[in-house]
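Here come two complexes built around subunit A, the first alongside subunit B, the second alongside subunit C.
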Partner chain A sequence: MKPAHSTRPGYLEQSPAVKARFDKIKQREVILEVRNLGKRFVTAQGEVDALRDINFSIHRRELVCVIGPSGCGKSTLIRILAGLENHTSGVALLDGKPIDGPGQDRGMVFQGYSLFPWLTVKKNVMFGPEMKGHGWEQAEREANLWLELVGLSKFSDAYPHQLSGGMRQRVAIARALVNEPRILLMDEPFGALDAQTRAKMQSHLMEIWRNIDVTILFITHDLDEAIYLADRILVLKPNPGEVHELIEVPVPRPRSPAQFSSPEFLATKARLEELIHPAAKAEKNEAEEEQNGTPHLIRFTNVNDNVE
Partner chain B sequence: MNTTTQLIPSVWQRLMALVQTDASGESVLRKFLGGIAPPLMGIIIFLGIWHVSASGIHTSLGTLPGPVAVMKQADNLYQEYRNEQVREASFHERQKNRKAEFMASNPGEEFSEIKYTGQPTYLDQIFTSLYTVFVGFMLGTVIAVPLGILCGLNKTIQAALNPLIQIFRPVSPLAWLPIVTLVVSAVYISDDPMFAKSFLISAITVTLCSMWPTLVNTALGVASIDKDLLNVSKVLRLSTRTKVMKIVIPSSLKLIFTGMRLSLGVAWMVLIAAEMLAQNPGLGKFVWDEFQNGSSQSLERIMVAVFTIGFVGFMLDRTMHSLQQMASFGQRTE
Partner chain C sequence: MSAISRQLNKLMNADSSIRTLYGVASFLLPLLIWCLVSYTPFIWHPKVLITDVGGVDYFQVGMLVDKEMFASEMANMSVALQPLPAGTPANPIYLPAPHEVAQALYNGFANPPKQADTPSMPASIWHSIQIIFWGFLISSVIGVPLGIISGTYNRVGRLNEPFIEFFRYLPAPAFGALAVAVLGIYDGPKIAIIVIGTLFQQVLIIANTTRKLETTIIEAAKTLGTRNFRLLTRVVVPGILPDLYRDQRILLGWAWTYLIVAELIGTSTGITWFITQQARYQHFDNVYAGIMVIGIIGFGTDLLLAKLGKRLFPWDRTQDKS
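So, the complex of A and B:
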C-alpha cells in the first residue's frame, strides 16, 4: 500500500494546538509506568515469550489505546496490569507502586460484560462499594450517581438480560468506575457490539472520560476506534509481543466522526496499517493460502440462469 | 328475575368470546381445543385399552380391575378417611367428657389421657411419605451442595471424590437398605426416640440414593462459572467465603436446582421401595400391606396408590421446575 499524500510520514506532523496539548499531558504526573515488562510461558514445546521488554508510561487523564494483530499479547498485557496474571520480568508501577495482584485501584471492563445476571443493574453497580464496606445507603447513592452518568437511571431495577449489549457494557463501565479506580483497563469492550452501537459507545466513553478524572487504557483491534479514541496508540507486534511504536495521534480534540476522513486521521491509519499488516512478504503467504483455501464450487444451476 | 336478565348476556358474551379470533387469527376456542385435545385423547385411549384388556386378565386376587373399579376404590379410600376423622373427633369428644367427670369427682389429681390409636388412613400415608421424602431429600441436599461446591472449586477434591461418586451413584435402594437398617439399629438407640426407626431408615436410604444428581450438577455449575465473574471478585479482593456466597452460589444456582429437581425425582421413586422394606407407614407400606393382604380389593387399592404416586411425583417435579425457573434469571429452562 502506497501512501497517497506525500513521502513524508504525515502522522508525525502535529498542529500547534495538538502539540501544545501533548506538552501539557506530558507535564502531568505519571499514573502507570511499565518498565522492561516481560511474560514468558513454559509450554510443552519450550519457552514462549508472550511479551518482551515492554516500555511505556501513561499520564493522568490520558487515553491510550493498545492495538496489534491477534497473538501479540495485548490481552496478556492488560491482564498483567489488572493483576490477574503474573509477569516474569520487569515491573509495572501504578502511582509509583509495583503491581502485584488485583486491586480496586484498577477498574476492569471485559468484552463479555461480565455482569451478575442474578442482580439488578443497580445492585450490580452497588456490588463493589458494598464489598468495600460502604453501607447500603451510601452504596446505593454512589450507584445511582454512576448510573445517571452512563444514562441508565431508568433501568436501575432491570436485570442484565433485559438490556441490549451496549447498555450492558455501560453498566459494566459504571460498575468499574464506581470504585473510583486510578486507571480504567478496557479489554476490547466494544468488540461484541454492532457497528452503530459501537460508534455510540465510543462517543459515550469519550464523554465520560472528559467529565471524570480517569485514565484509560483501551485494547482494541479496530484501527479506526483506536485513532478516534486515543491520545496515544501503543502498537504491539507478535511473536514475541514487543512494542512496535508508540504513536501520538495528531487528530485534534474534541473528536467527532467527521474527522474519520481528515488528513491526520488517514495518515495515522495508513501508518497503523503499515505496522500491523506489513504488506509484502508475510501477507503474500497468507493471501495464497486464502486463495487455495477457497473451495472449488460445482455449479448446481443452469448456466443460463445467471443470478447476476 | 332481575339477576337472570343480567346473567344471560354475560354468559352469552363469554361464549362469543370463545369464537372470536385472537392476534394470530385463530379462534380462541379452536386454540384451546387444540391444546387440550391431544392429551385428553391420550388419556381416553389409555383408559379404553386398560378397560378392555384388564377384564381378560385373571389373577389369584380376581380379575384385574378396570378404571371404573379403581375410581370407586379411590372414593372408598377417601370415605374411609372421612369416617376415621369422625371417629377420631368423637374419641376426643368422649375423652374431654371423661376428663371433666374425672376432674369433678377427683379434684387436684392428674388425669391420664389416652392417646388415640386409629388406623392410619390413606391420606395419612401420603403425608407420611411426603414428610419422609422431604427429610431424606433435604438431608441429601445439605450434604450434596457443599460437597459439590468443594468439587467445583477444587480440582483435587473433584478428582478424589469422582470415583466414589461414580461407584455409589448407580446403587439401588434395595442394596442400601439392609446396611442402613443395621447401622440405624445399632447407632440410634434411645428410650424415647424422636423418630421411628422405620422412618429414619427410609429417609437415610432416600438420602443415599438421591443426593448424587445434586452433587454432580452443583460441581458442574461451580466449575463452569464465567471466569470473568471470578475475575471481578479478584479485582475486589473478596475473601473465599464472600466469593462463594456472593458469586459462586448465585451463578451456579440454576444447575444446583436442576440437580435438586433430578434428585427429588429419584428420591420419590426410591422412597416407595424403601418404605416397603423398612415398613415406614407411607405409600410404600400401603402397597406392600395390600399385596400381603390379598383381599378382593387389594389390586384396586394398589392401583389407586400407583396413580397417587405418579401424581405426587408429577407435582413435586412441577414445584422444582418453578424453583428452577426462578433461579435462572430470565433464561428459560426445560
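So, the complex of A and C:
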C-alpha cells in the first residue's frame, strides 16, 4: 500500500526529534487495538459494508485523527469503539479487553449538541461521577475542577442553551474527561463551529491533552485540523470503508498555527489530498459516481441570465 | 451578532404586547356581536315582550310572542275596536343579554338557588372538578408510565400500541351503560368515562413524545455510564418532561370535553345537572352562566399551568415560540 521508497515523498521524512518522539510513543503500552474490524449494515435496501478489515492500534497519550470522505465509515468506527454500535467481524480491544457496550472507560464527544438541556453546566459535568456512585460533594468538586480546566467556571450555573457553540463543546469535553477515560473519542467535535472558534478549540484541546493523561481518537474531515492535531492520521477510503494509509505526521511538536506553511505540513497535506481526492483517477470516479447517483442539475434560469 | 439578537428581542417584546392585544380582542369581538344582537332592537329581536295585554284574552304581561302574531292581533283588535295590546321587541328566551348572564353568574355564587330541587352553582362545579380530577389522575397514573415505557422500549410499544390504536376509536360514551352496570350509578361510571376517553390517547401521545427525544442525548448518557433503569429515570424522563407537561395540558382539555357526557351517565350530577335543571325551568341566563364557568375554569387552569410550566422548566426553548 505504501509508495515505493525510491520516490520517497517529503511527508515520510522525519527530523531526528520527531523520529525520537515516535519511537518513544511506540514504547508506550497499547491502549486501543483494532484487528480485522468489519461492520455490515443490513437494511431494507440490502447489505452495506460500512467498514472492512480495519487494523490499527493506538498507544497511550497518542492523538490519532481519522480522516476520509463522507460516508467512508468514520462515525461507524468511532461508534463501535464507544460501544454504541456492534461490529460484525474482527475485534476491538481496550487495554486488551474486548469492547462490549458503552462504558466510562471511553469518553465520547459528539458533533451535535449532546449536553443534557435540563441540567446546568456544572450538573452536566457532575453526571458521570454521579453515575459512578460518587457522592454529591465529590462529584461537585470534580466538576468544578474540570470546568476550571476548560475555562467555564463562570458559567457553571448556566443552562446549555445559554452558551455559544464552542462553549458547549468545551462542556462536553469536560463532561467526558471528568470520568478519566482511557481514551477520548471525538466525532467531528468542532465541525459545526466557525473557523475562528474552531482554531481556538483546537489549541485548547491540545493544551488539555498535554496536561492530562488521555489518549485521543479524533474524527474530522478537515485536513488542516488533522495535521495540526495528530500524531498519526488514519486515512479511510469509502465503499467499503478500509484503511488507506496510517500516516505519521512529521510536523514537530509543540504545534502552532505558524506551522501551517512549514514544508512538513505542506508535504503531509499534499499526501492527504492525493489520498482523498485522487486526481489521476478522477475520470474513473466520475463514471462511478454516475452510477451511485450524482445529482443532475437542471437549469432553472434563463440562458441570458448567467451569473458567471 | 448581539446587535441582531437585541434587535430581535425588541421585535419579540413588541410582538408579545401586540399578541396580548390581539388576545384580548379575540374575546371582545364575539362579546361585541352578542351585545349588538342583544341591545339594538333593529338587528334581530324576532319576538315581542307584552307590556299591556289590551283586548287579547290569551296575552299576559311578560309573555313573549312572535312578531307576526303580535301584528295580526293588533290588526284584529283595531278591527274589533278593542283596546290595543302593547309590547317591546325582544329576543327569544334562549338568547339572554350579556348583563343578564353576568348577573346570573354573580347570583349563582352569591345566592342559594331559588328552586329546592336545583343544585347550587358552586356545589355543582366543585363536584365536576372532583370528577375531572379523579378521572385525569387515574388515567395519568396508568397512561404516563405506560406511554414512557412504550416509547423507550420498542418491544413494549409494539405489544400494546396496536390494541390501544384500536381501542381509542371506540367512543368513550358507548361504555356508559357498561360502566353503570359495573360501577353503579354515582361517581364511579363518570370517572370511568373520563378515564376511557383520556387514557388511550394519553399512552399514544406520550409514547410518541418519548420517541422524539434526541438519540444523541441517550447515547451521551450511555457513554457516561448510565444503564437500564437509570437511563429511564435520569435521562428519558427529565429529557421529555417539558413536552410531557405540554401533552398533559392538552389531555386535560380533552378530559373536560368528556365531562358533560360522563355526568349524564347514571344519576346526573355536577355542572351538567345544574345546566339541565336550569334549562328545564327555562332559566337560560343560568344555563349560559354554567357553560361559561366550564370555559373559565378550563381555560384558566390551562393559563395557570402554562405559567407554572415556564417556572418549572427554565431550560425549555419551545416555550419561547408559543
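Keep in mind that, in the parts below, the second predicted complex is superposed on the first by the 268 of 308 C-alpha atoms of A that agree within 3 Å, B and C clash if a C-alpha of one lies under 4 Å from a C-alpha of the other, contacts with A are read in each partner's own complex, and residues count from 1 in each chain.
As a convention for this text, a contact is a pair of C-beta atoms (placed from the backbone, for glycine too) under 8 Å apart; a residue touches a chain by one contact, two chains touch by 3 or more.
What you see is a predicted model; the values in this text were computed from it and never measured.
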Next item on the list: Label the relationship between subunit B and subunit C on subunit A in the superposed model as either fit or clash.
Entry: clash
Note to self: Is A:117 touching anything from subunit B or subunit C once the two structures are fitted on A? First, second, both or neither.
What the structure shows: both
Note to self: Contacts for A:24 in the overlay, against subunit B (first) and subunit C (second): which applies, first, second, both or neither?
What the structure shows: neither
Note to self: Is A:210 touching anything from subunit B or subunit C once the two structures are fitted on A? First, second, both or neither.
What the structure shows: neither
Check: Taking the contacts subunit A makes with subunit B in one complex and with subunit C in the other, which residues are shared?
Finding: 82-84, 101-104, 106-108, 110, 112, 114, 116-119, 127-128, 131-132, 159, 161, 179
Check: subunit A touches which residues of subunit B in the complex?
Finding: 226, 228-229, 231-232, 234-238, 242, 246-247, 250-251, 253, 329-331
Check: Which bits of subunit C are touching subunit A when the two form their complex?
Finding: 214, 216-217, 219-226, 230, 234-235, 238-239, 241, 313-317
Next item on the list: Show which residues of subunit A lie in contact with subunit C when the two form their complex.
Entry: 82-84, 101-104, 106-108, 110, 112-119, 127-128, 131-132, 159-161, 172, 175-176, 179
Next item on the list: Flag every residue of subunit A that touches subunit B in the complex, lowest number first.
Entry: 82-84, 101-104, 106-108, 110, 112, 114, 116-119, 127-128, 131-132, 159, 161-162, 179
